[in-house]
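Below you'll find a set of structures to go through.
Two complexes follow with subunit A in common, the first pairing it with subunit B and the second with subunit C.
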Partner chain A sequence: MSEQSIKQTPAHIAPAPRLRLLRGAGIWIGALIVVLVLPMIFSSGHSVSMLTQMCSAIVFALSYNMLLGQGGMLSFGHAVFSGLGGFIAMHVLNAVNDGALVIPLELMPIVGGLGGLAFAIPFGWISTKRAGVTFAMISLGIAELVAASALMFTGFFGGESGISSNRVVDHTLFGFLGVSYGPSIEVYYLAGAWMLIATFAMYLLTLTPLGRMANAVRDNPERAQFVGYDPHLVRFLQFSLAGFFAGVAGGLTVINYEILTADALSAIASGTVLVMAFIGGIGFFFGPILGAILITYLQTSLSSFSEAWLMYFGLIFVGMVMYAPHGLAGIVMAHRPALRSGRAGKLLLSYLVAAVPTALLLVGLISLIEMGYHLSTAYMPEYPISLFGVEVNVTQLRYWLGAVAITAVGLAVFLWVMRLIRRAWHEVNAALGGERT
Partner chain B sequence: MLELITFSLINGVLYGMLLFMLSSGLTLIFSMMGVLNFAHASFYMLGAYFAYQISTFVGFWPALIIAPVLVAIVGAFVERYMLRHVHQHGHVAELLLTFGLVYLIDEIIHLVWGRMPVDYRIPEVLDFTLFSLFGIGFPAYRGFMFLVGVVMFVALYLVLTRTRVGLIVQASLSHPDMVDALGHNVPRIFTLVFALGTGLAGLAGVIAGNYLITEPGMGWAMGPIVFVVVVFGGLGSLTGALIASMIIGLVTTFAIGLNLSLADLFASLGLEITREAFMADLWFLELSRIGPILPYLLLVLMLIFRPRGLMGTRET
Partner chain C sequence: MSEHALRLVELRKSFGPTEIIRGVDLDIHKGERHVIIGPNGAGKSTLFNLISGRFPVSSGRVELHGQRIDGLPPHQINRMGLSRSFQVTNLFHRMSVFENIRCALLWSMGYKYAFWKLVGRQRRLNEEAERILEQVHLQARRDVPAAMLSYAEQRALEIGATIAGGADVILLDEPTAGMSLTETEQAVQLIREVTAGRTLVMVEHDMGVVFGLADRVSVLVYGELIATGTPEEIRANTAVQEAYLGTEVA
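Up next, the complex of A and B:
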């Protein structure tokens, strides 16, 4: 973690400022275009809803990384702030519907953010006094407290059924353009806009003195204190701002679903955002974005596709922790030197070769898991299931033997190919290293 | 009232004993390796399921021995081939690995034993009434649970403080480099401690699985509260873990037994609060409903005012 922060920060090895600015602007314009174009490619109702959810998940995961990646604070209760912010936004939205308040719908994420901030200030003050495990444990305690309170104070949290609202209100900023936010595509563009704004704001925050001091306090609180910064204050400010952006994500969820239950602030929700940020890569600013997109996709698609989805989820997570602890972003960034010097072709070739046994291995593993679940949970196990276009009867031994054989062959070839990849990797990087010296 | 107090006391101590069985292993692992083993309660659940499966073949008594040993073997495997692998990336990676294990163990249990509770029963030998209090029978199995807990505490305490192995383990807690220099294989000690800790969790599962219910949610139900005990009692302190387990066991049990709310309190002082009052939810909240969150409240307060816990020697 500390190694990357060093890689991330220094400005003197980066290209000339003007070029950097241009390239920086290019990335943001590219992101804008992607956000604009995506719903035209994936235009079904289900995908648009998923894209909207991804937008709020991105904001949520990035706000979490303000704690873990940038501030070194491992929180087990970040969903508390998105959830509470969401509930505040929900109540305000209901008040708007009743005519008691006049706030345009577009600003609901800000309302949620302020709600998250309002709770992050007291909770943050007590929990950021210490870092490390103490912080993690306090965040766990607060998360359990709030989650349990949600079931007690049914007036505010709506109990089991949650609180629902209607996002089509009389007052909107863009109402004169005929936008009502009834259709989900309009909500998507609203969420996309907020996602870009929040992401940009969080990126700018990493460049401020506060963002830099958060890194310093993460890596060496004692030295930061010697320089004259109060680590508690730095952590507290970082925590409060993270709570604000989590609230923004909560507000976006409210607009998207128009219903919020106590699940939104449960320990499971807090765990999910931790997984998102980590799988994406906490050492890089854009890491959590990748994680949020992947996990949201897995949650919405895989869960309707297979009942074993939590198993895949767990396997992916444990595999990433063990073999790619810098996350998806870490994998991407490790290839940058090779790409720059134009030596990636050799690597690409070995990856293409590896794709075949990897696919074979995955087919075997997925078959085994799916067959196992069918055998153990289905009402009629002898009823055949379709796996990769093959009708499989899981009560017959030969299908099991087949799946085991595919897995074994895939694994054997995979391990052999991995050696090739490792060799290619070393060759390319050794050549790069030689060039530098 | 006396009846209520007696039963709350007995059940509280019993619940505390169960918490201690779980937390003793966790506090060992935690203090030694700095690893917050999130999957500890999953190993407890694994112990219950193993015991159920084994007891269907050979009965309860062999299962009492075999199941914890099997869990310890699984634990040793996890430490040797998974945790040690991510050790170089720091404590956060280790913690996240155990966090991922929670999902995996949960799903493996779904896969093998399904999503319904399994029929893991108290052995017939212990299925009788030990004595009667206020006309309500006290099951012998509860006495057995209590006994196992006491034996475990005494044995663990003696091993750690009176034997050579315990001495080396304790030394590895505080001075791993020195122990290494003296020629002991510290990574292997880590593996052993992890196996011992998870084995103790497995034993708790064997004992509690049939007293409570053996079902896939039992890990989630116990997971966070075990952390509370360990942090509350103080890092690495067996006695602290015992005291904390008892306090938390008693506090939650007594809270469940008492149907008092703030409104009742004010009523006894002559102040009537109606259901329409401001924040009525809060005034009419009964103590029995707050019960489950009291441990977390204690945890947060403890960490704010005394971060090293009751008996801890250093800060977490």
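Up next, the complex of A and C:
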């Protein structure tokens, strides 16, 4: 956000510092209110647990973007640090439960963070000597190494069943308020608070000398050297701090689930956070937040809707990479000039029109995927499934023809409507004159 | 020794079997404006790369204020007071003009790798960045990403970023290349201003610029210095005329 939003506001029309400060504070207060109110709207146990996981995922994805978006380091092994941080927090929590240590539960994310930092320092020193492909390959190697260790050191990682713990401990900071962290809503608020703190801290980091030089080294490590900075050290420090915040996320997950398996530091977990950051938009500070929310939602909800959820997951990712390479945040930011000037209404109308064929197209595609999935995996494929309220027998051709027809019609109308959108887009942005999008 | 800002001794550089810099000895006086000329491929940029630590030297010595700097990494050489620009623009392309300048100031103003200070709050830092912005006449382009500047603007920013850190030895590699006549005039004026009181070593092809700006000129041909002297001496030097200047100044 920092860099992009700065470059879109020329100095002479930028608001006065105090106004800008106020607007900046407004965003954080708004975020605080959203965090407070959300569990009142989505109050089921399942939702609250998902919201808690979103908080953790947001911290994780933002910490990942400290590497990729801000530092130009494409890591395939960031879950190593959330995972190891999580395991450290888990063992510390167990020690607290055993009475061997006295640390209030509220501080477990910090314990996780320090755990992540402790591992990020040696691994970071090795891997940040170079950026680019070398960095990516080393991150992959370290991820494999740690995943293999998890199979060997079952005492620490708990093997197949993982390590579990109990978050209700004797010592808490807010125990005097009657808070025990037994109910998941209390855990949610703890995670929400840490998410806001960590997000704010990571945002401020982008505005420090180190944060600015991380951008500089990302853009041009050579030039950074000729203004006095050692790119290795810049990357290393950035990497270490990212490892810390990944560990904070790991600590939050530990408190939420009270169980942790080696899956937490697997290549899949590392891939997921990459996808979160990318889908959200790595070029904007807030991008990964959107990605973390969306992907966590898909993971927890889609997986209960459909067995083929990984397929949808993949389709969404490929679609975003191809058609919205700047992610959700990029889409949002592209609309900013139109929104500011109050011309967004025209766009909105064309989007509403587009919603109809889009829905049709989705119904068709989802039907095809679900039918195909059922046909190839079900024990009795002729047993009908229910799709959008229709009983479908996937062994009968007519249902396939129907699904194909819906998809085809949806696609045709969709493509036609896209032309309308594009025209509206050009009209609105042309009317805005010189403003870039 | 102390009157030399920069000293090259028997400097050599080979890329594989080909020797590109073939034993260069050169003393740059403190505070002088020294221009290096020579035909394409003579090794001028390579010489800069050796001095600034971008490439390791094959043999010989480089001294900055009497201290040996060959073998040091570029960032350490920069911290010792030597700054350079590039023949091919080499900026933080996704960052704004202002950010480019500010990043070039951070180290010299002592911020190091601080992650507990907000750059926006550092008054002296920001004032200094604005001042340099003004000096290189880029205030109007303050918040534009470097990649979106015009060529001449990028060259100006390149100079701004080079002088920002307050280094007392400045190397500029063809700062006016590819510029129109007026742009060149402005650039020369700018170079004059921003390097006042400092030591300047510059590679330049434009003879008008060379003879207008230089206190002394060195001529590099095929990796060897064939002459060093005042502009008048160089103009009169027959070896230089044969090897390089040809009929251009005759």
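We adopt the following convention: the second predicted complex is superposed on the first by the 419 of 437 C-alpha atoms of A that agree within 3 Å, B and C clash if a C-alpha of one lies under 4 Å from a C-alpha of the other, contacts with A are read in each partner's own complex, and residues count from 1 in each chain.
The working rule: a contact is a pair of C-beta atoms (placed from the backbone, for glycine too) under 8 Å apart; a residue touches a chain by one contact, two chains touch by 3 or more.
No experiment lies behind these values; they were computed from the predicted model shown.
J.: For subunit A, which side has the bigger count of touched residues, subunit B or subunit C?
T.: So, of the two partners, B touches more residues of subunit A.
J.: I'd like to know which partner A:K346 touches here: subunit B for first, subunit C for second, both or neither.
T.: A:K346: touches no partner chain.
J.: Contacts for A:Y229 in the overlay, against subunit B (first) and subunit C (second): which applies, first, second, both or neither?
T.: Only subunit C; A:Y229 stays clear of subunit B.
J.: Looking at A:I126 after the superposition, I want to know if it touches subunit B, subunit C, both of them or none. Which is it: first, second, both, neither?
T.: first
J.: Counting contacts the way the document defines them, which residues of subunit A are shared by the two interfaces, the one with subunit B and the one with subunit C?
T.: none
J.: Give every residue of subunit A touching subunit C within the complex, in rising order.
T.: 3, 6-11, 204-205, 207-213, 215-216, 218-220, 222-230, 233-234, 237, 241
J.: Which stretch or stretches of subunit B touch subunit A in the complex?
T.: 34, 36, 82, 85-86, 89-93, 95-97, 99-104, 106-108, 110-115, 224, 227-228, 231, 281-282, 285, 289-290, 292-293, 296-297, 299-300, 303-304, 307, 315-316
J.: If you look only at subunit A, which of its residues touch subunit B in the complex?
T.: Against subunit B, the touching part of subunit A is residues 1, 68, 74, 126, 129-130, 132-134, 136-138, 140-142, 144-145, 148-149, 152-156, 267, 271, 274-275, 278, 308, 310-311, 313-315, 317-318, 321-322, 325, 369, 372-373, 376-377.
J.: Of all residues in subunit C, which touch subunit A in the complex?
T.: Of all residues in subunit C, those touching subunit A are 52, 54, 73-75, 78-79, 83-84, 90-96, 99, 102-104, 106-108, 111-120, 139, 142-145, 161-162, 164-165.
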